[in-house]
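There are structures below to look over.
Note that chain A is present in both complexes that follow, paired respectively with chain B and with chain C.
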Partner chain A sequence: MSDPLKVRIRTVLKTAGSLQQGVEAIRDDSDLHAAGLTSHATVSLMLALEEAFDIEFPDRLLRRKTFSSIDAIAEALAEIGVRDEAA
Partner chain B sequence: MTPWLAAARAVGSEIAGRYADDVDSRARFPAESLAALKERGLLGILVPVSAGGPAADIADVVAICHELGRHCASTAMIYAMHQIQVACIVRHAGTSPWQQAFMQRLVHEQLLLASATTEVGVGGDVRSSVCALDERRGKFRLTKQTPVISYAGNCDAILATARRTAQSPASDQRLVVIPRADATLELQENWNTLGMRGTCSNGYRLLAEGEMGQVLPDAYADISAQTMLPMSHLVWGGLWLGIASEALSRARAFVRAEAKRKPGALPAGAGRLAQATGELQSMKSDLLSCLHQYEQARASEDVLSGIPFAVAMNNLKILSSEKLVRIVGQAMLICGLEGYRNDSIFSIGRLLRDAHSAVVMVSNDRIAANNANLGLVLRDDPELLA
Partner chain C sequence: MTDPAASAYRRFRDELLHHGLLISMGVDGLFGRSGGFERVLEGVNAAIGAVGDVDRPEVMRFPPGIGSLQLEQSGYLRNFPHLAGTVASFSGGDDDHRALLDSLSKGEDWSGTQRPTGVALTPAACYGAYPVVAARGRLPEAGALVDVYTWCFRHEPSIDPARMQMFRQREHVRIGSPAQIATFRETWLERARSLVESLGLPMAIEVANDPFFGRVGRILANSQRERSLKFELLVPIVAEAPRTACVSFNDHRDLFGRAWAIEAQDGGVAHTACVGFGVERLTLALLRHHGFVPGDWPAGVRHVLGL
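Moving on to the complex of A and B:
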C-alpha cells in the first residue's frame, strides 16, 4: 500500500478514472474495468498519467490491459523507466 | 471463386433478387433467401473444423455479404449480423459443454443468430448496459428492454449484452447466448422504416432464463474490441459495397444505352459516372485494406485491442457509409427520372433508402466522437509498408 509509485497512481486515478466507487475501495490488483473504468475514461487516464509522470506511453502499451489494475499500470510505468521513489 | 461464394451468387441472383421488392414493400422477413442460405450450409461456414465446420475466413463472409448486397440489402444485412454473432462465439466461446455443443449446432442445424446489444436508456452506446445478469446457483435471469432486435421472430438464438452482476458498473458487461425457445419476446415497437425493411428489427421486452454456462467467459469489452466491432464494420462494408456496386451498375447501363443511341457523343451522365466509379474504387480499397489489417492482427489480442486498430476499423465504418450514400445519390442523378421511378429497370429508390441506414446503424456521430477521444493518444504511423 505504501509503494510510493502506486500512491501516485492512485492520486491520478482519483481524478481521471471516473470510477464507480472511491479509489480507497480498490486494491492494487483489483480489475479497474470491472470497477467502472470505461474505454473513454481509459484515454483520460492515459493522458493524466503521461502528464503526472512526464512520460509518453509507447504504442505497444496503449491498450486496455496496460490499465487493467494499479499493479498493471505500475508495471508499465516501470517498464518505461519510471522509478519507484516519490518525485 | 470459392464454392461458398458461388452458392451465395446463385442465392442472390435467383432468389434474393427475385423477392427483394416484395420483402421491401411488405417489410417482411426474406424467408426464401434465408432458407436457401441455410440449405446450402452458408450459415455455419465460420465454425472451426474441430467443431465440425468448414472454418471459412472472415474474407469469405465479407465476399458473400457483398454478393448478397447487390440483390437484397435486407438479406445481406441479416446474413452479416448473423455472422457477427457466429464470429463472437467462434473466437470467444469457453470450454463449457453448453457452448461447445452450441458451436456444433451452428453447423449441423444451421442456426440463425440475432443480436440484442442496443438497449432503451443507453441507445447506441453498446458498451454500456442497464440490464444485468441475475445469477442464482449457476442459473441466470435477464430482462432487457430492446428498441431493436433484427429478425428476432425468425431466429434460433439471440446474443445479448448485460452487466455481469446486478452490482456491476454499466461498462462491466458479458455476452450471453439465449436460445429462442428459452426467451420470451414481448413486442413493444414495430419496424416500419425508410429502408432495410426486411430486417424486421422490432423492439421487444426480452425475458430469458438459462444456465451460467451460456455466458461467454471473456469480458464483452474484449469481445467487442477484438471481434464484434471489427467484424461488424467489415461485413457491413462488404454489403454496402454491394449496394453501391449495384447502383452504379444500373447507372452504367443507363449511360451505355444513351451512348448507343447517339454514337460519338459523350452521354450527359458519363462524367458523373466516372467520378462515382472512382469513389466506388476507394470504398473497395478501404474495405480490402482493413480486411487485410484484420487478418494480420487476428493472431494477436494485443494488436486487436490496440488503439490504432480500433481507429482504423471505426474509420472504415464512417467513410464507407458516407461513400455509399454519395454513390447511390450519384446513380440517382445519372439515371434521372428513370432512376426516380419505382417501376423502371434503372430504379434506384430501394437502394437509396437501404443505403441511408448505414450512417444511422450505430450513429456515425457516436463513432466519430469515439475516434476523437482515441485520437488524443494515437501515435504517428511513420512507416508506409509496415
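Moving on to the complex of A and C:
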C-alpha cells in the first residue's frame, strides 16, 4: 500500500470501478474483472485514469488485460512514463 | 486515399441495378428490391426458419422501431452512437408550421422543426425480444427461445450493396443459463455452417468484434475478441477481401440480462445470446456466386431455397 502510484490508482478505482466489494479488499494482484469490473466499468476506469494522470493510453494498451489488476495498471502507467513520485 | 474495394463495390452494385434485382433510391445504402430478389430472399429466410423450427421457438414479429428508451437501456447509444437512428417528427403549432413552410419555400434546412418522437429505428432484430421476456418475470427452467425477423437500420451509408442502411435480419434469441447459451451457440454454429454449405457458398467462421465507437470502443472490441464472444460466418461477396459477415453469433453474457433485468430461473441475472442472419447479404452472396439469373442456379441450391 505504500507505493504512491498504486495508492492513486486505488483512489481512481474506488470511484470509477463500480466493484461489488470495497477497494480495500482488493490486493494489488487481484483480478479486477473477477472482482466485478465489467466491460463498461473498464471503459470508465480507463477514462478516469487518463484524467487523473493527465495521460492518453496508446492504442496497444487499450485492452482488457491492461486493466486486469492494480499491478497491471501500474505497469501500463509506468510504460507510458508515469512515475511513482508523480503523486 | 481511395478504398481499393470501392470500384468493385460500385461495379457489383451497378450489375445488380442493371439486372433489375435492386432498385436505386438515390441514397447510398437504400434500395428497392425486385420480385426476383425477394423470391430468393424469402427462400433464404424460409430455409433459416426450417432449420430453427425444430426447437419450437416462440415467434415474435416487431415493426422496425423500438422505444428510444429501449435503445438507451440496451447500451446501444453508448457503444454505437454512430450507427443509431431515431425518428423525429414535426410537433409544433401554426407558428412552427409557418416557419417550416418558409424554410421549404426558400429551400433552407427545415430539420430544426423536427422533434424526437420517442421512437428509434431497430438496430438489430433481437432488441424487440429482451424487454418482452424481461416483463414476464422469472424465466422458466427451459429459459426462452425467440424467433424474430425485422427490418433494421444502421447509419453507415456505403456504395457496397452488402452494407445497406436498411436491411432485414432473421434471428434466433436464447435467454437462459450460461450452459443453455453455450449449447445454443454450438448448435447454431453447426447449423449455419451446413445451411450455407447447402447454398453452395464459400465461407469461413471467425472470431469477430462489433464496431464499437471511438477509443473506448477499442477496449470493448479487444475484450470481445479476447473472450471469443462474437463469431461471424464470412462469405466473399465483392472480392476475396474484405469478406462480408452473413451470419453472426453473439454471446452477450449478462449484458442484456442486466440492462433489462431479466431474471434467471435461479434468481440471478439471465444470460443471452443470438444468432443473426443477414438475409440480404446471403441473397447477394448467392447472386454473386451463382449468377444473376436464379433459374440457372444448381438444382441443389434451388431446392434448398424452394425456387
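Annotations
Here, the second predicted complex is superposed on the first by the 86 of 87 C-alpha atoms of A that agree within 3 Å, B and C clash if a C-alpha of one lies under 4 Å from a C-alpha of the other, contacts with A are read in each partner's own complex, and residues count from 1 in each chain.
Following the convention adopted for this analysis, contacts are C-beta pairs under 8 Å (C-beta built on N, C-alpha and C of every residue); 3 or more make two chains touch, one makes a residue touch a chain.
Treat the numbers as computed from the prediction; the structure is a model and nothing was measured.
Once the two complexes are laid over each other on the shared chain, residue contacts for A:25 go to neither chain B nor chain C. In the superposed model, more residues of chain A are touched by B than by the other of chain B and chain C. Looking at the shared chain after the overlay, A:34 reaches chain B, while chain C stays out of its contact range.
Of the two partner chains placed by superposition, A:7 touches none, neither chain B nor chain C. In the superposition on chain A, contact of A:80 is made with neither chain B nor chain C. Where the contact sets of chain A with chain B and with chain C meet, they give residues 39-40, 43, 46-47, 59, 62-65.
Here chain A touches chain C in the complex through residues 39-40, 42-43, 46-47, 59, 62-65, 67, going by the rule given at the top. Against chain A, the residues of chain C that register as touching in their complex are 75, 78, 215-216, 218-220, 222-223, 226-227, 255. Partner chain B is touched in their complex by these residues of chain A: 20, 33-40, 43, 46-47, 57-60, 62-65.
Contact residues on chain B toward chain A in their complex (touch as defined above): 127-128, 164, 168-172, 219, 221-222, 225, 302, 305-308, 370, 373-374, 376-377, 379.
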